[in-house]
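The structure appears right after this line, and notes come after that.
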Amino acid sequence: MTVVIELWCVAALLIVSVLGLTTARWRVGTMIVYGACLAISAIALFAALIRLVAGGPATPEIVLPLGLPWVGTHFRVDALAAFFLVVINLGGATASLYALGYGRHETARQRVLPFYPAFLGAMNLVVLADDAFTFLFSWEFMSLTSWALVMAHHRVASNVRAGYVYLVMASFGTMALLLAFGLLAGPQGGYTFAAMRAEFHAPLTEALVLALTLLGAGSKAGLVPLHVWLPLAHPAAPSHVSALMSGVMTKVAVYGFIRIVLDLLGPPSWWSSMVVLTLAAATALLGVLYALMEHDLKRLLAYHTVENIGIIFIGLGLAFAFRAYGMDAAAALALTAALFHVFNHSVFKSLLFFGAGAVETGTEERDMEQLGGLIHRMPLASLAFLVGCVAISALPPLNGFVSEWLTFQAILLSPALPQWGLKILIPAVGAMLALSAALAAACFVKAFGVTFLGRPRSAVVSQAGETDDFSLAAMFFLASLCLLAGILPGFVINALAPLTQNLVSGHMPLQSASSWFAIVPITASRSSYDGLLVFVFIALAALLSAAAIHRLASHALRRAPAWDCGYPDASVRTQYTAGSFAQPIRRVFGTVVFQARESLTIPPPGDASPAVLRVELHDPVWEGIYAPIARAVGASADWLNRFQFLTIRGYLSIVFAALVLLLLVLALWL
Amino acid sequence: MLLVLLLAPALVGLVGKVKARLLRRRGAPILQPYRDLMRLLRKEVVLADNASWLFRATPYLIFATTWVAAALVPSFATGLLFSWSADLIAIIALLASARFFLALAGMDVGTSFGGIGSSREVMIASLAEPAMIMVVFTLALIAGSTQLSTIAAFMASPAVGLRVSLGLALIALIIVALAENARIPVDNPATHLELTMVHEAMVLEYSGRHLAVIELAAALKLLLYISLIACLFLPWGLAPTGHGAGTTFVGIISYIAKLAFGGVFLAIFETAIAKMRVFRVPQFLGAALMLGLLAVLLRFVSASL
Amino acid sequence: MSSLDFDISHLLAGTLVLISFMLLYQDRLFALLNIYALHALTLALAVAWQATIQDAPHLYVTAAMALGFKAIIIPVALRRIVERLGIHREIETAVGIGLTMLTGMALVALSMVIMLRVTSGAASPIAREDLALALAVVLLGLLIMVTRRNAVSQVVGFMSLENGLVLAATGAKGMPLVVEISVAFSILIAFIVIGIFLFRIRERFDTVDIGALDQSRGERQ
Amino acid sequence: MIQIPQGSIEVVLLIPLCAAALLAFLPSYRIAARVNVAASLLTLLAALSLLLTKHAAPNRYLLVDDLNVVFICLNCFVGFTTSIFSASYIAHELEIGRLTPTYLRFYHAMYQVLIFAMNLALAANNIGLMWVAIEIATLTTVMMVGIYRTHEAIEAAWKYFILGSVGIALALFGTILIYVAAEPVIGEGLDSMAWTALVEHAAAFDPALLNVAFVFILLGYGTKVGLVPLHAWLPDAHAEGPTPISAVLSGLLLNVALYAVLRFKILMTANVAAVAPGPLMVTLGLVSLVFAAFMLYGRTDIKRLFAYSSIEHMGIITFAFGMGGPLANFAGLLHMTMHSLTKSGIFFAVGHITQVKGTQQISEIGGLTETHPWLGWCLVLGVLAICGLPPFGIFMSEFLVVSSTFARAPLLAILVVFGLLVAFGSLLLRLNGLAFGEPCGGMAPVKASYAPLLVHLALVLAAGLFLPPLLVSWFQHVSRLLG
């Protein structure tokens, strides 16, 4: 039933994209397309939600006579798929709602409207697919449509470059997955997932498939060092698309990873978890460090996606480790943590990108150094953005904290693992997780403080006003979700139980059992957390204190200029900028990771020109891996190029040589 | 909860007094902080022109989160009401959110001071928190729980022997505590010299009742850390759950004694050591992080032996 | 079949190879054309002989074609063109004569080895000989094309190559007429096209040197 | 001696011949173009009738079976669409005076002769006849390539002619050897050159001889297929000739040559003792793929760019057939079809683009999606399709090739993937410059005929989503033959 509804929704989305093609010419097209997308995604969302909550076995698979002739296209919805369908369509619905307002400012409608619904549909298809061909088909189609959206504003040179890097990386990933499926399917070509599950896989196969899946899904999700396209492509797209790409598409990649490695490949082996954990920890830390060095709001958010993907994969890696040693309860805990974070990140990352989009439409500016004081201009939007910041910084009582807390709890179970490498690795991973969490908080103090607080750093801010109601509705809806998932995590965990039961044959204790909506990973005596209670306490304490203060203390209040320490300055330039805010952390970490160099040139006495502080950063990944590859390809291409400037005689002699060579081979062979 | 609220300023006063004595000054009376708070409450609030609603809301948020956190630490008895509602990690996170808002408030007015304070604060925090988490790991792994009451009960029990990792964790915890409470050598609560100040720079724009609330929150935080150290590393005299009045009384007395001891120790330490440059702080905290990690690793290894 | 048949056909085929070597050796244009006429003549004889011993009358047609077209018309026509275009008479070679000859030897050896080995089971001795020598002629023709810089001489090389093919075709016992026709036909067309090209090129350059043609590449970059 | 069954192949061959004769004497190019289209349409209809009716019993010269009927139809179809495209293309050429009416007559006649020759090559049941047909096709295309009589055009044609005829000569030698191998078994005469008889008795042939023969065949027809290192003529011929001819070259002629190779491969596989042709084809295919992929990177001429892309795809197809096995063979056949549809479609777009922009230099063309949305987006779709992105048909074939190969020979598959990625990167790089960014070059509106272009793209799209069972069963039958 569910799968049928979902398929119809996909079909409807594709139809809408055709509709967009025709109606894009008129302004009303925006309303039609996004309205339709909103409705359809909402339907799909509820269908999936019901499926997820109701639980039960997977739907019988539907086979359509499309795609590979003798295989057909298989569709199926099990708990895992249902969960990700919820994530996708939640993102899709909110993004469409947001776009109802945001889309009005779109200058290149005819380059956005046709592709947006198709993009949504493709993401749904990936999750619905139940055979390799359909999966890859939708996967690549997803990349293609999102590429088109990235290229929407193609006149900006940087966007074209972003689109290029993106699509090349995407097809690289697809190729890797293609090889992986080739291994899983075997030479006979058993392309259905059912056949792959049934087949036994040799250790070598397993290793190869894991590596290839890491390459394939990792390049989509943004695992270091395959993340380079992410900060280029996500900001280039219109903001609601950035939200989808960052908040949802990366999750589809995570889905692909889980589906292939945990579901199709069968129980993992311990070393696989080591690989995943190492990569994940590196990703989390590097991602947040990149973000700290970044002053473009949307790029910063994109880098944070990298970080959060790292956190998610840490959870997955832990799940592998526990699963490999049959500690199913622990594996379930880790997996739940990862999936919970998938949900959370999709929610607050979309929220943050919406906020960034609101800022961008208000000011036509993404560079934080030009912003500031927006909290006065757009109070509501900034409130919603603030909620997002708190959530992504993993602070209680919001949802970001819960998933990280669960991850920590999973890490604390690791001493029971017999394997020594893991014993040493996992605590280190925990430390890196804690470090990246703290750095993330620092980064969002920067992001919110510089963008919304302080005084306007340039004139662009003055033209900004409160954003439109649709956008606000979308943002506050997500913000309230952040809060709800934070104070009532038990429900989410319960919903995930059947899923983990399928994948790691274990699940966390049923949370509704524990009193007051507290969540208990293993046992109450071991650890528990009650978001609701904490929230209530904080609220009470705040209200109490406020009330008390207002009763006891004087109400007198005087507005006055900020204290200037005796230096009367009018200039807003004296404020801390994003760059200067990040300076201490840059000194601590940047010098190691990015070879950050600061060069200060102070003019000689008497020279009135300002002193210049120049900071240069080097992207280790790009300069270490990608630039050399590009150079190599270019060089070999140039070298081969000479072969089209030979004389006819030259070509003839090549043919001649080939002939003689083959004849010689025959002569020697026979 | 009220108990910690009442005790907090006294602790600050005590520290000040002892420091003064060590410097051969008479120093302000121990109750001085209460008077300061009262005076601040009576004063009018001078609000910068540019201050936003966030700026005014922050003090209460900070106070609330810190208070909740402090209330969750078993002061004189384990298994207090609702102590299960948040574990050690949650407590750290609560303090982190308090800091988050404080740093934001520091940037709100848009002066360079607030910026200095915030950026240095988050830099310090970004190292202090992981170190703290590591300490938590160590304890949690030893006690097999992250519930403070459980840990405390376990530490009180004879089951816990003398462990290297515990020692390392203690040192790390102390370092973190110093950093978190903006004490010398990381920060100097008494100075207003912009090159060195961190915490004070952030709250520079606050005045009147807002400042009072923030000061109180700071005092609470100090109390929290000391009682944390106390209940974790000298958990004696903690009244067990389901306790009679007598044990409770003993618990309270011992608790106050511990606080006093902690305060004195802090004062001595502060007078004995000098403030360090801001950019030497990372090494200092990095050391804490390393100690914590080392402790955890040792713990992992020993656990598997 | 008597050994005489075999010997004669062998002799003729061998002569063909020998003349190919002369073509390879020759570095004057007119002489080259004359030798090519000789080449074609020998081919005609060989084909005719095949016709007699296989008593396959249609092969006489091929022989006649070889005689008419290749031995007479084409050389004359080429000579005309050379005169009219005023192409200088020396053929500049890309590779030294000596080296070329050595390579030629090696090629002949190669073709012998391969063909004689390969056809061991299959065909009649005549066919084997013919095939082997024909392959040699073909390879030598290619070698000429490769080592000569000058269009006319390349064309000559190409045509000697075709001769080799004809030899092979006739050697193959009872091969249907269609092939000869096609060969002759294609060579005819080929020659016309070459002529057209010489003309076109004449319109533009003063030489038929492909070197000059190669001065300009399709894609200058 | 040739009896006429219904849906007869002879009709398919006769129509173009008559049309050619007619066109050779039609003065007005307008009528000529119309006649050209009409004749192609008739041919197409005749071919389709073949498709629907049951195959006539093969005679000694002609045969129709599952393998070639598909390609005959494809051939006639692309021939038809190309004739429509060429009508509008040629009109423009005449306006700007690149061509004179005399040459146009020649052009149209040659076009029909080319169609005839290719159909003949496909339908021939006789290796000699096939050879003749391919030779004719070569000569006609040579003349068409040189038709502009510019310096580059003549050089290209000359190069094509020399290399082509050498290749054809080698192929003839191979053909003779096949006959020599067949003759002792089947006996003298036409039978030992007929496919049907050959395949039947192939098992009894002398394997050694077959091997040598196949070497010559592969090199000979491989030259026409454009396999590296025999490819030199291909880029020039594509770049310098009129675009309709480039479309036919890439879309059809390469296929025909490859078809010839396939026939002989069937022969080889029928004889167990003969050395498997697989490794040879795999090597050539891989070399072509990787080489072409790198050549794509530095291209500055748009038609040359897609010429190299044709080489790349021929490499993929040859590789697939070399690998063999039901999956790979199916993929190869599918890829042949898809490639000829897509590539000719791309050339349609490119033709109009070069006309409206007045240049073939990529650097002087930009922002097409802004200036000429239809052309631009069609080009984008075409390139994405040729790069094997869904929802287009080539995705399916590449999926099958790579995935089926990796399970058997991982290293080869990785090489293929490497080549595909490089090619994709290079093509996309050029595409970005052509279709996106700031517009540059001529802005004048173009009066193009979009119908052929759209039809091709639609077909490729449809094939990517759904393959008709009939086609599938044919392909599967053929791939069983191919072993």
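For reference, chains read A, B, C and D in written order, and residue numbers begin at 1 within each chain.
Everything that follows uses one rule, which is that contacts are C-beta pairs under 8 Å (C-beta built on N, C-alpha and C of every residue); 3 or more make two chains touch, one makes a residue touch a chain.
Source: prediction; values computed, not measured.
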Can you tell me the least number of steps between subunit B and subunit D, where a step is a move to a chain it touches?
2
Rounded Å distance between subunit A and subunit D, as computed from the means of their C-alpha atoms
44
So how far apart, in whole Å, are subunit C and subunit D when each is placed at the average of its C-alpha atoms?
31
Expressed in whole Å, how far the mean CA point of subunit A lies from that of subunit C is 69
Chain centre separation in whole Å, for subunit B relative to subunit A (CA means):
35
Where subunit B touches two or more other chains, by residue:
none
So which bits of subunit A are touching at least two other chains?
644, 648, 652, 655, 659, 663, 666, 670
By residue number and range, which residues of subunit D touch two or more other chains?
158, 162, 166, 208, 211-212, 235, 298
Contact pairs between chains, per stated definition
A-B, A-C, A-D, C-D
Residues of subunit A touching subunit C in their complex?
644-645, 647-649, 652-653, 655-656, 659-660, 663-664, 666-667, 670
Residue ranges of subunit A in contact with subunit D within the complex:
65-70, 132-133, 136-138, 140-141, 144, 151, 154-155, 157, 160, 163-164, 167-168, 171-172, 175, 178-179, 181-183, 185-187, 189, 191, 208, 633-634, 636-638, 640-641, 643-644, 646, 648, 651-652, 654-655, 658-659, 662-663, 666, 669-670
Using the touch rule from the top, collect the residues of subunit C that touch subunit A in their complex.
94, 107, 110-111, 113-114, 117-118, 139, 142-143, 145-146, 148-149, 154, 210-211, 213-214, 217, 219
In the complex with subunit D, residue positions of subunit C that touch it:
114-115, 117-123, 127, 131, 134-135, 138, 142, 145, 154, 158, 161-162, 164-165, 168-169, 172-176, 178-179, 182-183, 185-186, 189-190, 193-194, 197, 200-201, 204, 210, 213-214, 216-219, 221
Residues of subunit D that touch subunit C when the two form their complex
126, 128-129, 131-132, 135, 139, 142-143, 146, 149, 151-152, 154-158, 161-162, 165-166, 168-169, 172-173, 175-177, 179-181, 183-184, 188-190, 193, 206, 208-209, 211-212, 235-236, 239-240, 298-301, 304
